[in-house]
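Letters A, B, C, D and E name the chains as they come in the text, with residue numbers starting at 1 for each one.
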Amino acid sequence: MGWFLEHAWLIPAIPGAAFALIILIGKRMPRGGSEIGIASMLAALVLSAGAAYQWIEHVNSSDGEAEAVLNRWEWFRIGDLKVSIGSHLDGLAVMMLLLVAFISTLVQIYSTEYVRGDRRYTHYFASITLFSAGMLVMVLAPNMVQLLLGWEIMGLCSFLLIGHWWEERVNSEAALKAFWTVRVGDMGLLVGIAMLLSIFHTLEIGEINEAAASGDFDSKRLLMWAAVALFIACIGKSGQFPLHTWLPDAMAGPTPVSSLLHSSTMVVGGVFLVARLYPVFHVGLDMNILGQHFNLIAVIGGITVLIAAGLAFVQNDIKRVLAYSTVSQLGYMMMGLGVGAWTAAVFHIFTHAFFKCCLFLCAGSVAHTGSHHSFDMKKDMGGLRKSMPITFAAWIASTLALCGIPFVSGFFSKDEIIDSAKHNDYKVFYLVGIIGAFMTTAYMTRATYLTFFGKARGAAAHFVHELEHEHKTTHDSPWPITVPLVILGLLAIFSGYLNAAPFKWHWFERWTESAIGLPLGEGIFALPHPPEFSWTSAAPGLVLVAAGFAVSLLLCRAVFGSETSPLRGLTERNIALRAGHKFLVNKYYLDALYEKVIVHGIAYPISRAAYWTNQHIIDAVVNTVGKAGRRTGDLVYKYIDQLLVDGAVNGSGTTARGAGGALQPVQSGKVNMYGALLFGAAAVGGLVLVLVNS
Amino acid sequence: MLINEFLLLGAVLFCIGVYGVIARKNAVLVLMSIELILNSVNINLLAFDRLNGGNDGAVFALYIIAVAAAEVGVGLAMVLLIFRNRKTISLDDLSEMKG
Amino acid sequence: MLAFSSPVIDYHALAPELVLSAGLCVVLLVDLFVPDHRRWITGTLTGLFLLGALVPVVTLAVIGDDVRSSLSGEGVTGRYVVDNFALVLKALFLLTGYIVVLLSAHEIEEGHYQGEFYVLLLSSVLGMVMMASARDLVSLFIALEFLSIPAYMMAAWKKRDRKSNEAGVKYYLLGVFASAVMLYGMSLLYGVAGSTLLTDIGKSVTLKGDRVGVQVLGVVFVIVGFAFKVSAVPFHTWAPDTYEGAPTPVTAFLSVGSKAAGFVGLVVLVYLAFPQARDVYRPFLWVMAALTMTIGNLIALKQTNIVRMLAYSSVSQGGFILMPLAMAFTNGAQETSLRAVIVYLIIYAATNLGAFAIVIAVSRKTRSGEITSFGGLFQYAPGLTVLMTVFLASLAGIPPLGGWYGKFAAFRAVLDAAGGWGYTIAIVGAVNAVIATAYYVNVMREMWMKPVPDSDVTPIKVYGSVQAALVICGVATLVLGVLPGLIAKVGAITDLATGP
Amino acid sequence: MLLSAVTIATDIEVAQTIGFGIIAAMMIAGALNVVISKNVVHAALSLVMVMAGASAQYLLLAAEFVAVTQVLVYIGAVMVLFLFGVMLTRAKLGRDTDLNNEKGWMLALPIALLLLGVMSFVLIKGFDDTRISGSGEGKIGGAANVLLSDRIFSTYALPFWALSFVLLAAVIGGIVLARKD
Amino acid sequence: MEPIQDLQWLLSLGTFLPLVGVLLMLFVPKKDVDTAKTIAVGTALATLAVGVYTALKFDYGQSERLQFFTSNSWIKPIRATYTIGLDGISLPLYLLSMVITVVVMIYSWNHVPPPGNTKAFFILMLVLQTGMAGTFMAQDLILFFVFFELVLLPMYFMIGVWGGDNRQYASLKFFLYTMFGSALMLVGFIALFVVTKNNASDPAAANFSFQWFNENGPDVARNTAVWIFAGLFIGFAVKVPMFPFHTWLPDAHTEAPTQGSVILAAILLKLGTYGFVRIAIPFLPQAAVKWAPAIAVLAVIGIIYGALGCLAQTDMKRLIAFSSVAHMGFVMLGISTLTDLGINAALFGMVAHGLITGMLFFIAGSVKERYHTLQISQLSGMLKQMPRMGWIFGFCAMASLGLPGLAGFWGEFPALLSAWSPAQVLVSNGHLDLFRILTTISALGTVLAAGYLLWLFQRTAMGEPAAISVGSAGHDSHDIHDVNAFEWAAWTPLLIAIVVLGIVPKLLLDLSDPGVQLITEVFRK
């Protein structure tokens, strides 16, 4: 079967060991432990690549469906329940392994520059290495327990890395929020696993999938609940509506963290879980309400696509734009899984990882070099395209991919999802998909414009000014940053060709498909075949993408660029009325103007409302639930525990003492009373017993 | 003769004695009341002795008389003791300790 | 004229009593001739005689494995029986007496009437020793008075102390009331049975026929008399006052010896005289047991005086002993009940005497009986503190100290009896065991955790005799807790249980 | 002596009953006076009356030795003790209003009556018309006393011996407590 | 199942060795603190060595059988025997008690809380050790009872003398509560004995050994059994503690000195759950079935309730104490399912909770020592001032909230799994839905656990150090130093154990599973 496939357990084990090493000796290493992390990631990458190579060989050598390669050791057993630990390799796992190892490697290299000099440099690398280990453990999991193990390790690392700069309360709050929100979802995972165990009497993923696909279970209703429960976990982890609010806040962490955990790898954990247990979800969540045949996953995914994309418009923070974009793209993936486009969704995981990671790294690069660690697009960026060409190029490549411009990776994956929705009779979701594409293009255009075009503002202006001072035109980030950018940028463009429907290239599909677990085309729980690509069906989406670009560009130019625009004229007039050019310079007034444009503009009220809803209703609900929990705790503690339960106990003590006190008068000290008691008791006792006995 | 004549006499004396020990405050009078009770017991015992034969009751009664004498001796010694310490033999005053 | 046939007396069987009575005379005489500064001789002599009396008890136990009677030929049915039951209790009374002597040495007003005190103590112990063997109404009555009358006077022994006077008078009056009631009951029993012999009474008191009422009243009144002695509620009223007022060694003696004697009387009556009167004594004792445990405990919670607290504690402990007794002859529990009572008495004796010994030792320094005066004892008298803790914990029934086994045996007996009566009283007992803990722990808390009230931390000088008493009690408490089998075996005392 | 000499006949029972009745009435009256008299000395003297009556009743019950002992011990010794007690404690020889507990009767009377009720109920029910055998044979005269003494010195020898120690202890203790020092 | 009777002296040696140390210490003058400490620690180490030897000699292939078994007569008249033995269920707890004692003693070397009196403090710990080890090795109800109660007094004094400001109230409450439980428990024990004896074909053979009850207990009529179970239930539930008998715990923990809290959390709470597994359930299976739903409901109330209680706390130690209520709720939930999975989870949870909460209390103690307060609002930035301490704290918090890969997880997760599909008898009694609802609610408990623990961690460890701790508030900041040598020595074994057990749960599960299979066999039909 191949050494690499047999020894895939080494892939998570090496980073795991590296984590321990970094913790123990990292501080004493010349490069603070980062070399251990990078080395381990490289090793994992090599092993993953080997595994991928052998897997492809394996697929090629087996005609039809390639069996998953299982390699398990008993972890523990309780009675009949045997839980193993080991590796479960199939197309999905191999793809994820490679992806995670690869991106982790690049991000770690990037980080050596990005977090240089940080007081917790070693901690940072320890955490990020542990994260990779955890993710790899999850990806390889042959059973639900190991999956849960990896899942939670990722959560832990997410917590640690978001809160990396915990001196500031905002960051620690964000870390907590992330952990809690995900944890709320994990409730579903715990219960869901319990449900799976009770349905299938096993925790092995392979067996569960097989049984679910073949209909070999007792209760469909229970399976549905299991799927719902598990899906709640996915919602939490993958930032789906309504548990998406933690993800933008999670941007409080260092940018490489955002790029690795919160865009490309960890947050796809939920999507991965759905893909991994696809038969369970597909069968369990297949609902039929009012004659409309649909899948809950698609519903949630669709809602997320729109809501998140809308929110991305109103962000000033570049990372927040990207975060909402991530949420939106995760929505696409979920939607893809929901509409039955398994391969397309998984492929979108693959391509999205590259371009979204790249976008984040670009943002990081800008902040690191061009905007003095600020992520505020409106305040501290603008006009950087010339001074940071590599970053700009990578950004543009990735943006193109994200927007789904034809012949760039995002197009191949996203379009197939949209196409499948249409093909599989999910009309609404088809619309959602193309509207989402429109919005994606629009907000990315805005972000690109604000960052790289127009006039340099704030810190960026300072940066450009300094460059001029030094008689240089360009000053991009150092190589540890730019090299990953370049690699990722290239992949953002070209990775899509692994599964390019227009050219009938279906390598990716062929290599990963074995992992679906469901038969294609026929049978009760079968999946529909993926649609044939045709330019006509892709056309509406492309048109909307173009429209989005155009509208957004016009608006941006109107607000930030063009001097002749009527909107610009408005500001002119304001200046004339109010006094001075200070109005232009002063960011505050620009902000105010911007707000006015938004408020009075056409495209924005909805997203504004959505954002308001998000902040004041959904987020407020999350916060209120948190606060209410705490408050309930307070009340329960104060009134029930301290007053009632404890009070009952203390009260009984008091009562006992009180009773003792009440009895004391009997002990009057008077002999006659004592005598009376004695004779009286004798008399009464005699009387009662005589009466009873005669 | 009905044995009940004696027994009821005993019962009446007993109860009068009981009344006395509860109602009386003067220690000497309480002691006297106790003697009433003991006498009632003796009357009982002798009546039963007569009923049952065998002299057991008479012996018992004799012993009771002896013990009663000892008790009265002790009792009066104590009465003197408290009188010396408190200048009163009212039992009411013997209530320093209570509760 | 009928010729008087002189009875054949078994002197070996009577030897403990004879040794004691000889001791009584010797101490009385020696006291006359001992100069004041050699008063300790009387105490020592008393102790020696008490231990001396133990010798025949041991020989009787070892040699005479059969039941003896003072008057040869009467055997089990005798009026004065020396069987294992009696021997165990005689030994208990003698040892109790010995420990009280040890405690008294420096406590009874020095130089004043020490000799007489010891004479009275010996008489009282003699009465108890007789009580263990008495098997007819007359002997029971005489033994009871024999142990009581000296005790009345001992309670008032601190002549100039008003509290002591009061204690004596109260004890005396209530005691006389109770024995009057008891005598009336005895007269009725005698009337019904035509005999004073308990076994004969046992045959006659069947609660059948016309004279049920008389029988019931007789049984009730007799039990009242002994209930007074064991200070069962509501006949307990004297106990706290007397315990508080009496000299502390006397209190120890009353709370252990006199109470045990009362229980012996009750046991003998229940097992020999009332086995067929279960419907009378069971509810009566049951109610008393429940009341005694509960009320004793509840009032004890409020006490601030350590002796008074211990008094109420001993009242409630009495309830625990009454508990199995009430359930005797229910579903064949007589054997376990009997064993429970005796075992409890023994363990309780060791523990309670120990507690009083500590009180005596500590109050010599603090001159106070308040519980607060024990504050911070651990700081200047760690040994005493640990011992007191041991005793209190034993009273509370915490393993591995003796008390737990007593409680265990009691619960075991009532549960053996099963049925609603048994289960209910067991629950009542269990709850009371907890309430009791509260005030025991309160003292522990005072000793270990509170500051010294007057900040005087000079160590306490403990007299040798008190030390000896403490060692005996402490060792007994520990050993009986860890290896209760040692005394649980005195459960060969099945003579009574299997009965006539 | 007086009554024991009388030969037993049924008609004598009538006389006995009458005698009993008179003596009993006297005793009850005396007893009541003991517990309600306002004069301590009067109470003591009433007690003498009760004691004497009891002694007479003992004779009726053919227990002459006990009757004699009763006279000797109670009237001879105990009563003297009581009178000494009265005098040594300097009780008023006349009327004294401070002999009873305030409202003591309110507690005492119900208890006494309750007891009386219970006792008479069981006694009447239990010994409805049981008669004491008219024949006092073997119980009267010297022979009876011999039997009694035999009983004391054989069957009840041990209690008797104990009784002596009780008295000894009582005397010793009484002296210690009562003496002035 | 015949017990293995080799090395019969081993368990007695391991249990009573500490008492030998106590005897030796009694002869050390009070002033000579170092000698006393040396003897105490030496004894504890020797005991641990005996324990390790026991573990080495243990036949892991037959962990369902009692080993090192011996049975001697003890209190003949009541038929109590000195029967001892260890099987896979008790071995881990037996060892844990020894490890914890050693660790606590090392920690105490320079951490004896006021008012000092080192000698007495160490003596108490040794006595506790005997009681704890004895409880786990006892194979006779009366012996069990004696050891069970033996721990009461030392712990009372430990809290009452060396505790915090409100120590007297707390210690008294602890004492009375436990007494209340054990009194009823004793009644239950005896009733069980009497009933089995009367039922048995050969009443003369009746005795208090576990074996007797294992064989005869299941024959007790169900109604009787339910009542007897009630007695046992209260006894054990107070110790666990289960809602609503838990209120002694926060007070006791909060007021106890660090060492007391650690021992309390690590071992004493386990006596209750161990009692359920070892005594209540196997002896009275028919009653256990009746009681299981009630236990489960109370357990889940405990989980949620404990968590809510935690959220309301302002004191770090009290928060940790409340978290015990929640964690023990999971243990009890596992037990109440009557499945092999659940009971194994419970046993694992017991050990894990012992290690983790023990560590948390250690940390709380060290924090208190450095900052002189445990008020969460006054603590901040621990990570900055003492990074190692802070991260150890974070690690333990993570372990406590049930992060997979650390020990705590294996107590919670299988308990949830088992609660979703409880034993077959419970299902056929119609309790399936109840248990499933409870599972869902208890899953919420895991979220709340993350909530209060991380919130605590955030407030105390993250952020900038509070003003009070940087020297402005009346004491020197040099009080605040990172983990010292004694702390490292004491904590390292626990930390390693948390990780090792988390990664290799097999270590414990293989030990306990065979025994648990025997217990749950009856519920599977």
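Quick notes on this structure:
The rule is short, and it goes like this: a contact is a pair of C-beta atoms (placed from the backbone, for glycine too) under 8 Å apart; a residue touches a chain by one contact, two chains touch by 3 or more.
Remember, it's a predicted structure, so these values are computed and weren't measured experimentally.
The fewest steps needed to get from chain A to chain D, moving only between touching chains, is 1.
Annotation of chain B and chain C: jointly contacted by A, D, touch as defined at the top. Distance from chain E peaks, on a Cα-centroid basis, for D. When the C-beta contacts at B-D and at A-E are tallied, the pair with the greater total is B-D.
Core chain by CA centroid proximity to the global CA centroid: E.
For chain C, the chain whose average C-alpha position is most distant is A. Remark: chain A and chain B have CA centroids separated by 97 Å (rounded to whole angstrom). The distance from the centre of chain A to the centre of chain C, each centre being the mean of the chain's C-alpha atoms, comes to 78 Å. Distance between chain centres (mean CA atoms), chain C to chain E: 42 Å. A straight line joining the Cα centres of chain D and chain E is 71 Å long.
Contact with two or more other chains is made by residues 138, 141-142, 145, 149, 152-153, 156, 159, 168-170, 173, 177, 191, 212-213, 216-217, 240-241, 299, 302, 438 of chain C. The set of chain A residues touching two or more other chains comprises 653, 664, 667, 669, 671-673, 675-676, 679, 682, 686, 690, 694. Multi-chain contact residues, meaning those touching two or more other chains, occur in chain D at positions 101, 104, 107-108, 111, 115, 118-119, 121-123, 125, 127-128, 147, 155-156, 159, 163, 166, 170, 173-174, 177.
This structure has the following touching chain pairs: A-B, A-C, A-D, A-E, B-C, B-D, C-D, C-E.
Put simply, chain C touches chain D in their complex at residues 1-2, 4-7, 9, 14, 21, 24, 28, 70-71, 79-80, 112-113, 116, 119-120, 123-124, 126-127, 130, 138-139, 141-143, 145-146, 149-150, 152-154, 156, 159, 168, 191-192, 210-214, 216-217.
Residue ranges of chain A in contact with chain C, taken from their complex: 653, 656-657, 659-661, 663-664, 666-667, 669, 671, 673-675, 677-679, 681-682, 685-686, 689-690, 692-694. Listed in rising order, the residues of chain B touching chain D in the complex are 1-9, 11-20, 22-29, 31-33, 35-36, 39, 42-43, 46-47, 49-51, 53, 55-56, 58-59, 61-63, 65-74, 76-81, 83-84, 89-90, 92.
Contact residues on chain C toward chain A in their complex (touch as defined above): 169-170, 173-174, 177-178, 181, 207, 212-213, 216-217, 219-221, 224, 228, 234-235, 237-238, 240-241, 279-280, 283-284, 295, 297-302, 435, 438. Taken together, the chain B residues at the contact with chain C in this complex read 7, 10, 14, 17, 21, 27, 30, 34, 37-38, 40-41, 44-45, 47-48, 51-54, 56-57, 59-60, 63-64, 67, 70-71, 74-75, 77-79, 81-82, 85-86, 91, 94-99.
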